[in-house]
Structures are given as structure tokens and as C-alpha cells.
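Next, two complexes with subunit A in common: one pairs it with subunit B, the other with subunit C.
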Partner chain A sequence: MIDTAETIYVPFGGLILAAGLLLPIIVIIIRRSLKAARDRKAGHHHRHEHDWSVPVLDACSNLDSVFHRWDPRLKIFSLLVYCFLVAALTQIIWAFCALIFSLAAVKLAKIPFRNTKRRLMAMVGFLGMFLVIMPLTVPTQPGDLLLFFQPVPVPFNVRGFLLAILIILKAFAIALIMEPLLNTAPLPVTIQALRHLRIPDMICQMILLSHRYIFVFLNEANRMYTGMRVRGFRQKTNLATLHTMGNFLGMLFVSSFERTQRVYDAMLSRGYNGTFPVYTNFSARPKDWLFGIFWILLGTGLLFLDRTGTFIIW
Partner chain B sequence: MHISDGVLPISVTIGCFAATIALTAVGVRKTPAESLPKVAVVTSAFFVSSLIHVPLGPTSVHLLLPGLVGILLGPSAFISIVLGLTLQSLMFQFGGITALGANSIMMGIPALMIGWLFKQLKGSTLKGHAIAGALGGFLGTVLSVGFLAALLYTGGEDFLGVGKIAFIASLPVSIIEAIIAYFTVIFLFKVKPELLK
Partner chain C sequence: MHDLATDAELPKEGQHLFQLRSLSFNYADGHCALQDIDLDINTGDKVALVGQNGAGKTTLVKHLNGIYTNQTGSLLYKGQSIQDDNLIRARRQVGILFQDPDDHLFNNTIYEDVAFGPMNQGLARDVVDERVRKALERVGLDNLMFKAPHNLSYGQKKRAAFAAIMAMEPEVLILDEPTANLDSKQEQIFAQLLQDFGGTLICISHDLLFLYGLCSRAVVLDHGRIHHDYSLNELVSHRASLREHGLDFTFRFIDCCHSSESHDHSESHDHGESHEHSETHDHLTLSQSDKQTAVRILSPPMEGVPGEKSQVIRLDNYSFQYKDGTWGFKDINMTVNEGEKIAFVGENGAGKSTLAGCILGIKQGAGKYYFKNNLITHSGREKLWRQIGMVFQDSSDQLFCPSCEEEVAFGPKQMGLSPLELEKRVTEALALVKLSGFEKRVPMNLSGGERRRLAIAAVLSMHPQVLILDEPTANLDPRNEELLLHILHNLPVTQILISHDMFFVNNSSHRTVVMHQGSILSDLPTSDFFEDEHLVGHQLDYAYKNICGREIMKMQEAVENGG
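The block that comes next holds the complex of A and B.
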């Protein structure tokens, strides 16, 4: 099969590639050590060992934009359908268009760049793995373009590389849509809309409860961890660290269980009967329907072009 | 290690969603109303625990804990995993929203299996619990990554390399999970054994 694949030898390409890979790593190491030095100077060097910060899901819900005014039910439904349509794309050009539309949506929803950057950074590890591994591991098929970056003996398969790029484009396009989807209404309103969309009541309650508890336990875990640090605990790669972390987890579970029991009893005694009272009334205007139809048509259009279009890149 | 959007073929994505909905419905039926807050709590504790990084040589890894969730919740573990993953996806973008079904299958089914296995193996002694716990921690992670590799493979032979490497890379994590689960179960057995019933 390899006979039919096109092969190009890039002299010294290996060195260029190595430089391209090493440069970002070196930059990251330098930035980290600079930050560590700064933190040491400021006297709180344990801070960056753990990043306990959890983003608040609906921090931008008080702004005003097309997405904020949109009926949450239609917003959730049509944007989710759009996400699935984008996930089905198979050509880079249309995935790239989807990314542009997502960026436009984020801009339109007035979400700050900080939020979107956080989402994209969370995926870098997983997607980076694809970008590095796929060009080197995809099986060679007829018509593939193989690059030999001399003196590296392993062929760099361009098809694998483009496949990784396609995945990254789609992942980014969908991740960006999450911001206009979730960050443009308070979480209880979003949950309420989910309930209107036939998501079981119990699941909705539990998302709300768990979301609440996350911050409580984060506080608890942070407090416990500070106590451990004060008593001289330092993380190392050894059995003692794992022993301590095991106990730490156990304690976190025990204290959370006891806490819930108390909270649940308190809720029951205040008349909790399995549902929270709701005061949100939704009303869909024609405009809302149109905007929803627009997004679904946009996704369908992309998918249609993807399956029938002639812009096949490989 | 969560699957992000756009990786799996659309048929697999939707199939996993259907399976997740079915398993969640079963889980909801098997979970009595009064233990719902308990499930919510394990979910948040599981969420918080997965933010904890454990040092491993020059780098650090974060815990997945499907084994411990199974051990603590038994048949309700699947709902807890689905909820935890939903929140992780919504808040951190760990795992995409369209891949939520696949991620739930990948971690939830191992959690259910470990929950069952732990019940069979634990016996009544501390030693039995500890060994079953360690095995649960280890197998929970190995099975999850096994599912991950299998799901990736549904995308075609092109994804085999990524799946293999992810599986090999996760073996050290599985060992760490085993040790942590071992100590956590010992701790719970001594402090609050009713959690392990």
C-alpha cells in the first residue's frame, strides 16, 4: 500500500519539527519558573500547587444581548441541535466556517475573552495528543501524502494531521457555543428551561444541588488542605503522600455525607417536597422562533455542504 | 481523560447518548427519593476530588475515581457519573457536550461494574475491604480507559494509535488510583463503615 502513497523527503525537517515542538515547551517552562519565583517573593508559594478555583457558570448572565433576550427553551434546543450538526461535519473547510460562526456568536453574546479562553485551554491536553500522535500513527492509505522529516525515520502522514485539525476545529466550534448557551441566563433559569424540555425533574434538581455543593466542598477541601500544609504536609511521589491523600479523600466524603444529611433534614423541615417552587414564566416570541430556526438551518446548511460539496481537501 | 466534541463518529455519539439515557432511567428507578441528596453529594465530592492533583515524578495527574464512585453508590453510581460529567463539561469543558453520552458510558459502566464487584469481594474484614477497594480503584480506571480506546476505535483504524497510547499512558494513573482507593476504603471502614454497605 505504501507504494501508492506520495512521499516527500524534507531535508533537515526533523530539526525544524523538533524546534517547533520544543519552543512552546521551553516557553511554558520559563513562564512557570518566572511565576514560581514571583510567588516565592510574594510569600505564598503553595498557591499554584493546587488550582482550586472553579469558574462560576453564569457569571455573565446579567449582561444584555440577543442571546440573553432569547427564550431559554428555544436557545437550549436549537443550539444543542446545532452542536450535533457541527459534530457530524467531515471537512475542514466547513468545520472552519462553524468555528467562525461560533466566534461571532460569542462576540454577539458579549462574553469576555477570559471565559472562552478558559474553555479552549481545558481541551488543549486531549486535542494536543491527537495533533502529535495521529500524523505518526494513522495507517498509510493509497493517495496519502507522507512527509519524511529527515533524519526522523517515522513518516509524517498529512492525512492524519488534517484529521487532527478537523477534530480540533469542531471541538473548538462546539466549545465556544457553550458560552452563549449557558452564560446568558442564570443557572436556575437554564435548569427550568431544561425541565420544560422534558428532562426529568429529578435530574434538574440534582444538577442544581450538586452545583451548589461543589462550592461548599471546594471550600471544605481547601480548608483541610491548608490545615495539612500547616502541619508540614508536602506532596511528593511516594507512598506516604498517597496515604495522606487517601485519608484526605475519605475525610472529604465523610464530612460531605454528614453535611448533606443535616442540610436535607433542614430542607425537609422547611417543607421541601422534592421540587423547588418556580416563579419563571417563559414566553416565546416569533423572533425567538426565527432565531432558533436560523441556527438549525445554519447547522443543516453546513452539514449539507459538507456531504455534497466539492471542497474535499484530502 | 475526557473525550471532547467532534472526535467520535456521529452515529456512535448518538448511540452512546441513547444508552446513557436508558441507563440513567434505570438508575433513577433504582434510587429511592431520600437518597437523592446523597447522590448529589457524592457527585460534588467526586467532582472536587477530580480537581485534586497527585504528583507523579516531574508531572502530576488528576484522579478519575470511577472505582470509588461505584464503591460508594453501587447501582446509583451511573447517575452520579452522568451528573458529574455534565457539570464538568458545562463548567470546565472537560469533555464536550455532544460527547457527554460517550463519556458517561466510558466512566459509568466501569463504576457500575466496580460497585457490583466490590459488593461480591469485600467480605466483612478490613483486609477484604481494602483489597477489594484497591482492585476497584485499579480496574475502574483500566476499564474506563479501555472503553475510551474502544470508543476511539469506532472512528476507524486511524484512531487506533491514539487509543493505544492513551491506554499505556494511563497505566501509572491506574496504579495511583488503586493505592488511593486502598487507603480511602481503609479510612472509611474505620471511620464510617456504613458508607461502604
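The block that comes next holds the complex of A and C.
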């Protein structure tokens, strides 16, 4: 197989050049670290005061935009279909277009980019690994371009690198579209729309309660971890740390289980009989349908161009 | 959906609202929580359900709402067994407020949480809306109704949970430790709300002074059995009986009625009344003189205030700001001397716990912090855990090991002590908090009081120079509270106490620092603090409880003298 792949030996300087391409990322990381250090010095932040907060899903639901006014059922259905169509793209150029459309949707929904950036940053660490691992591990196929950065003996497969970029673009495009999907209506309304779309009631309730109690559980975890730290616990790479973290997670599980039982008791005591009572009524207007059709056509168009278009980069 | 919301029928003449006969309940692990309970509760009763931690109080009230079904014996609500339609009726008419408000607030906004009950009652949308707004207005949260619960303070959450119950307009209201962890202002709001409630009230609390102003009947549970069912007056006036059931809170009032000053004052307040008091004790209105002098009935503050000793902690212009820009506290200047026992008091959110967090080193503020005359830098903060220990408000936050022995040994182990020294310290610390023999017990299975003491032992085993205690008496029954007081009295370390419990503060601190909105309002010897006539202004008015306490002490004296 590898015999039919094109191989280029890049001199040592090439390795330096490749490292140079990563320079902007390194600069960003250093700047963030310096800023954090300055904050620490000014007492605004604490190294061990982890940011346990989770972005609230529907923080922007009180704004007004075309997405906010859109019937939630049609919004969920059409944007989810759009997401599946984007996931099926195979060419970088169309995945990039999908990312642009997602950014436009976020802008149109008037969602502050700060929130969006926070979600994307949470994905960067995981997706960034693809850029490193895939070029080195993807099986070599005929026609692949292999780069050997001397003196490193492992080939860098350019197809793997581009595949990683494609995955990242699609992941970002889909993650971004989740903002107008989930952040433009109160969560209970979104959940009720899911019920209208025949999602089982049990799943809907689980989503609703998970969103509420994730804050409570994280708060409990934070307090317990602080309790460990003030008695001298510092994470190390050893068995004692594993033992302690095992106890910590076990206790967290037990306390979460107890909490779940207490919440259920409190719900029962207020007349809960297995279903969340709701009053919201939905009514789809013609323009809601049109907007839904637009997004589905947009996704279909991207997929069509992806499959038949000539913008093949690799 | 069954529409039973408005067809509530009162029990027939001679019929009890609740009738329990030979009710017993065992948990899945075999623990017997209730045994042969015979109890009748009538419409309009105001019942104080009291007993030590683990006596079965919460288990009992969970039966009254149908959360637990009776395993043996019978339980009738309005003459019918709590099942089928009557179960639905009971759940809609009997409101329970559990201890932890987070258990009640499971929706995404306060509005939805308060609406949850009325919606389950099958009420029309506009009626639900009206009830929600009314209930939130009554508890003073109408301006926060569309906030997420996790954005509220503890006191606000507690009131929101109360509104969620009251919006259902229950006929029976059951409260489980309604005032635990609340400051005096929030406690007074609760007391007022409950006094306005006209239905049947069942209240679980260790705070007999709070119950005294609210209830007329006392049911005492002990190891799952009813030991007494009589008037609250009878309960509180028999000190021996209180002591027998671990409910004697009078250790807080040592010498109180022997002070001539307070006695004179009591005389003037007594107006020659007998010790009988009305159903809701509403004659306990406060005069200005009461507010200013009632605290004097308390035991004298701790003696033996250390003289000029070396400074342990010094804060110069120290401030802490949260990430969202709000100030935890600002420009704090204070010192703590070796051996001193200091109390931080103030309303919820005043900045007490945040300040303690900075002293402990888990938070870093701006300004200068000296520990034993050494400026604490970032790296110094990392080592403070060796010198300062803290017992958190909720002991569960601190206990994560599978046995008490491991729990107490955890801190010393992090210090790198030898196994021999570890064993010695564990034994010592457990003995100090009266938990010898508990080495192999599972911390999660201990009672609330035992867990609190274990948390203290886990810190004491590290031999800290400063011990910080955050709300050490919250949810403790009087017996455990007295024991805790005794333990703290004998500890030869510098202590910083954060508490809303003025009686505890009075008995266990040399100096009291009043905090309000992130600033220190006053820093006085505890005796002077209780003379301060600005207590009311600082929302630290405990005069009402003092008056209740004084009345109770007089009743006890009368009983002891055979009167």
C-alpha cells in the first residue's frame, strides 16, 4: 500500500516551519496563562478555584430574534435534520460553508459570541487531538501524500490531517447550530416541543431534571473537593490519589443518589403522578414552516454540492 | 387527571384529621424507624414533633403525605386509608417542606417550581398564575420569580420552597427544620408566615424556642416510638423530661434567672400572668426594653479572655471580589490573637464564610494577610492547611472515606506522619470528640451530631493552630449541641466561629465581629456585643427568642419548686 503513496522528505527546517505554524496557538495559550497569573496576583481568580459552572442552556431565551419567534417544534425538527445533513458532508469546502451558515445563525439569533466561544473552547482540547493523532495513525491508502519530517521517522499523512480538519469543521458547525436550537426558548418549552415530536416523556423529564441538578451536583462536588484540599489533598500520579479519588467519586455517587430520592419524594409530595404538567400551546404559522423548509433545503443543497460539486480539495 | 383540587372535605364531627394506629416502619436495611405509633391529629392542631436526630420524625411525616405507605398498622387521613383517590387527595392537601430547599426546586425558574403543585392539582392556568404570584409576593420573592433556583441565596431558596408549598393552599402544613441555617431576619420572616397560617401545622425542629412561639402541642419521638404527647408548655417546663429526650436547651441559659437585673425585668414583663399561654403565644410582643435587655438573661460570656498574646492572623485592607464583580467583602482590617475565640455574625451573604475561606487559603483576596507575622503569598497559602483547619457547615462535604478511622487519618496522612503517630492521633482525636469505638463505623451511617463531631476530629487530628467552624450547631439536637459546646470549650486552639446562633456565640466566644454586606460593622468583646443596642439594626435581634427562653425558664423554676 505504502509503495503507491507519494512520499516527500521534509528537511529539519520543515519541522521548524510546521512548529511555526502552531506558533499562534502557543502565543494564545501563553497570553491566557499570563492573564490568569495577573488575575491571581490581583486576587480576582484562584488557581484552585476551578470554574465548575456549566453554561446555562437557555440563558438567551429572553431575547427576541427570528429564532426566538420560530415555533419550537419546527425549529427542533428542521435544525436537527440540517445537522444530520452537515454531518454527512465529505468535503472541507462545504463543511466550511456549513460553519459560516452556523455562525450566521448564531448572529441572527443575537446570541453573544462570548457564550458561543465558551462552548467551542470546551471542544477545542478534544478536537485538537485529532489534528495530532489522525495524520500519524490514519491507514495509508494509494495516492496519499506522506511527509517525513526529518529526523522524525513516523510519516505524517496529509489525508489524515485534512480528515481531522473536516471533522473539526463539521463538529463546530453542528455545535454552533445548537445555540439557536437550544438557547432561543426556555428549556421547558423546548422539552415540551420534544414531547410533541414524540420523544418519550421519560427522556424529556430526564433532560429537564439533569439540566437543573447538574448545577447542584457540581456544587456538591466542588464543596467536597474543597473539603479534601483543606486537609492537604493534592492530586499526584500515584495509588494514594487514585484511592482518594475513588472514595470521592463513590461518595459523590452516594450523595447524588440520596439527593435523587429526596427530589423524587418532594415531587410526589406536591402531587407528581409521573408527568410534568404543562400549559404551553404551540401554533405553527406559515413563515415558521417556510423557515424550517429553508434550513432543510440549505442542508440538502450543501450535501448535493458535496456529492456532485467540483470543489474537491483532496 | 383526577380533579380533587377543590373538593376537600373536612373530617366529620369526632373524626380525626389523621389517625395512626400501631404504625410501624422498617427501612430496607432492616433499621426500624417507627414502632407502634398511635397518634391522632385534629384539624387546626399546631403540633411540634420533636426528638433527637434519628428518632423517626421525618419518617413519620412522610407517611402523613403518602410518600411512605404504612407497612404495618393503619393510617387514616380524613377517615380513609391513604391510597388510591385519598392518596392523591392527601398529596394535594398536605404540604411538606423538607429541610433542603434544593430538593424542592427542580424546575428552571422559581415561577415554574411554585406553579408545579397547583398545576398538579389540575387548576386552570389563570388560577395557577394568580396563586404563584400571590405566594411569591408573600415570601418577598415576586421580583425574582423568573430567576433560576441556583442563582438564589440559601434563605431565598428556603422561602421559594415555602412558597411552592403555600401556592397549593394546603390544609395541613408539615415543616422539617424550617429555620436551620437561616439568619435571624429570615427566621423571623418564617415565624411570621407560619403564624399567619390558619390550617393544621406539624413542625419538626430542634429549636424549641422557635416552636414555643408557634405550637401548642408537643409529640416527642424517641427511637421510633412516641414517648410523650402533651402540651408544649408541659414539655418545656419539665427540664428532666427534656434532658431525658436530649432536648434540654437550657444549658444555654445558665444562671439566667438568678441575675437580679434580668429577674427584675422578668417581673415587669410578667404582668402577673400564670404560665399558661395562648395557643400561638402571640402575647409575646416585644417592647423596646425587651429588645435591649433581653439578651442579658443569657449566661455571662466566656471568661478568661486571653490577654495580649501574639497575633496569629492579621488582615490589612483585605478584600475579595467574585468573578461576576460583586464584592465578597471589602477593606477588612482585623487581627486574631493566639488562643482567642472569635465569632463572626451577620445576615446570610454578609461575607462571613468568604472571609473564612480567605483565612483558610481556599480563596485569595487582595490586600495583605499575615499568619504568625509572615506575609501569606501564593505559595504560603498552599501550606496554610497545615496550620488552619475548618469544619464546614455541612459535614457531608468533608466526609468521604469508608470508615471513621480513615477519615480522621486522612489529614495526618497527607502531612506524611508515621503510621505510629497516625494511630496515636486518630485515637486521640476520636476520644476528644467522644467517638472512641467508632473507628470501623461508616461515616455516612452516623447521625448528624456524630458526623459533625467526626468532621471536627478529622481536623483536630492535624493539630491545627486555628480552627474555623462554620455553623457548627445547624441541625443539631440540643444534646449534641451541648456536647459540642463542651468539646469546643476544652480545645486549646484559636477558634473562629461563624454562626447565627447567638446563644452559642455567647457561650463560646471572647470576641464578636459583626459583618454586614461585606464590611465589619463592629468588633467587640462578646459581652459588650450583647449590650449593643444596635443589634436590631444589624438584623441580629434575638430578643423574641430570649423572651421565650425566659418564660420557659420561669415555668421550669415553678415546676421544680412544686408550683
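Please note the rule applied: the second predicted complex is superposed on the first by the 244 of 314 C-alpha atoms of A that agree within 3 Å, B and C clash if a C-alpha of one lies under 4 Å from a C-alpha of the other, contacts with A are read in each partner's own complex, and residues count from 1 in each chain.
Here is the rule we go by: a residue touches a chain if its C-beta (ideal position, glycine included) is under 8 Å from a C-beta of that chain, and two chains touch if they have at least 3 such contacts.
All of these numbers come straight from a predicted model, not from anything done at the bench.
Asker: Does subunit C touch more residues of subunit A than subunit B does, or is it the other way round?
Answerer: B
Asker: Answer with first, second, both or neither: which of subunit B and subunit C does A:Leu209 touch in the superposed model?
Answerer: both
Asker: Identify the partner contact of A:Leu63: answer first if only subunit B is touched, second if only subunit C is, both if each is, neither if none is.
Answerer: neither
Asker: Between subunit B and subunit C, whom does A:Val152 touch in the aligned arrangement: first, second, both, or neither?
Answerer: Neither partner.
Asker: So, A:Pro277: does it touch subunit B (first), subunit C (second), both, or neither?
Answerer: The answer is second: A:Pro277 touches subunit C but not subunit B.
Asker: Give one of first, second, both or neither to describe whether A:Thr241 is in contact with subunit B, with subunit C, with both, or with none.
Answerer: Only subunit B; A:Thr241 stays clear of subunit C.
Asker: Regarding the shared-chain residue A:Leu163, is it in contact with subunit B (first), subunit C (second), both, or neither?
Answerer: So A:Leu163 only meets subunit B here.
Asker: Answer with first, second, both or neither: which of subunit B and subunit C does A:Leu136 touch in the superposed model?
Answerer: first
Asker: So, A:Met251: does it touch subunit B (first), subunit C (second), both, or neither?
Answerer: Both subunit B and subunit C are touched by A:Met251.
Asker: Touching A:Cys83 in the superposition: subunit B (first), subunit C (second), both, neither?
Answerer: first
Asker: Starting from the residues of subunit A touching subunit B, keep only those that also touch subunit C in the other complex, and list them.
Answerer: Residues 49, 51, 209, 211, 213, 216, 247-248, 250-251, 254, 259, 263, 267 of subunit A touch both subunit B and subunit C.
Asker: Quick one: which bits of subunit A touch subunit C in the complex? Just the residue numbers, please.
Answerer: Subunit A reaches subunit C through residues 40, 42-49, 51, 56, 58, 186-188, 208-209, 211-213, 215-216, 219-220, 223-224, 226-234, 240, 244, 247-248, 250-251, 254-255, 259, 262-263, 265-273, 276-279.
Asker: Please give the residue numbers of subunit C that touch subunit A in the complex, ascending.
Answerer: Subunit C reaches subunit A through residues 1, 62, 65-67, 88, 91-92, 94-96, 98, 100, 102-109, 112, 116-117, 119-121, 125, 128, 148-150, 164-165, 168, 319-321, 323, 360-367, 378, 385-386, 389-390, 392, 394, 396-402, 410-411, 413-415, 444, 458-459, 462.
Asker: Could you list, by residue number, the parts of subunit B that touch subunit A in their complex?
Answerer: Within the complex, subunit B touches subunit A at residues 1-7, 10, 13-14, 24, 28, 33-34, 36-45, 47-49, 51-57, 60, 68, 72, 79, 83-84, 86-87, 90-94, 96-98, 157-162, 164-166, 176, 179-188, 191-192, 195.
Asker: Once bound in the complex, which stretches of subunit A touch subunit B?
Answerer: Touch residues, subunit A against subunit B: 49-52, 54-55, 57, 80, 83-84, 86-89, 95, 118-120, 122-123, 126-127, 129-130, 133-134, 136-139, 160, 163, 166-171, 173-175, 178, 182, 200, 202-203, 205-207, 209-211, 213-214, 216-218, 221, 235-237, 239, 241-243, 245-254, 256-257, 259-260, 263-264, 267, 274.
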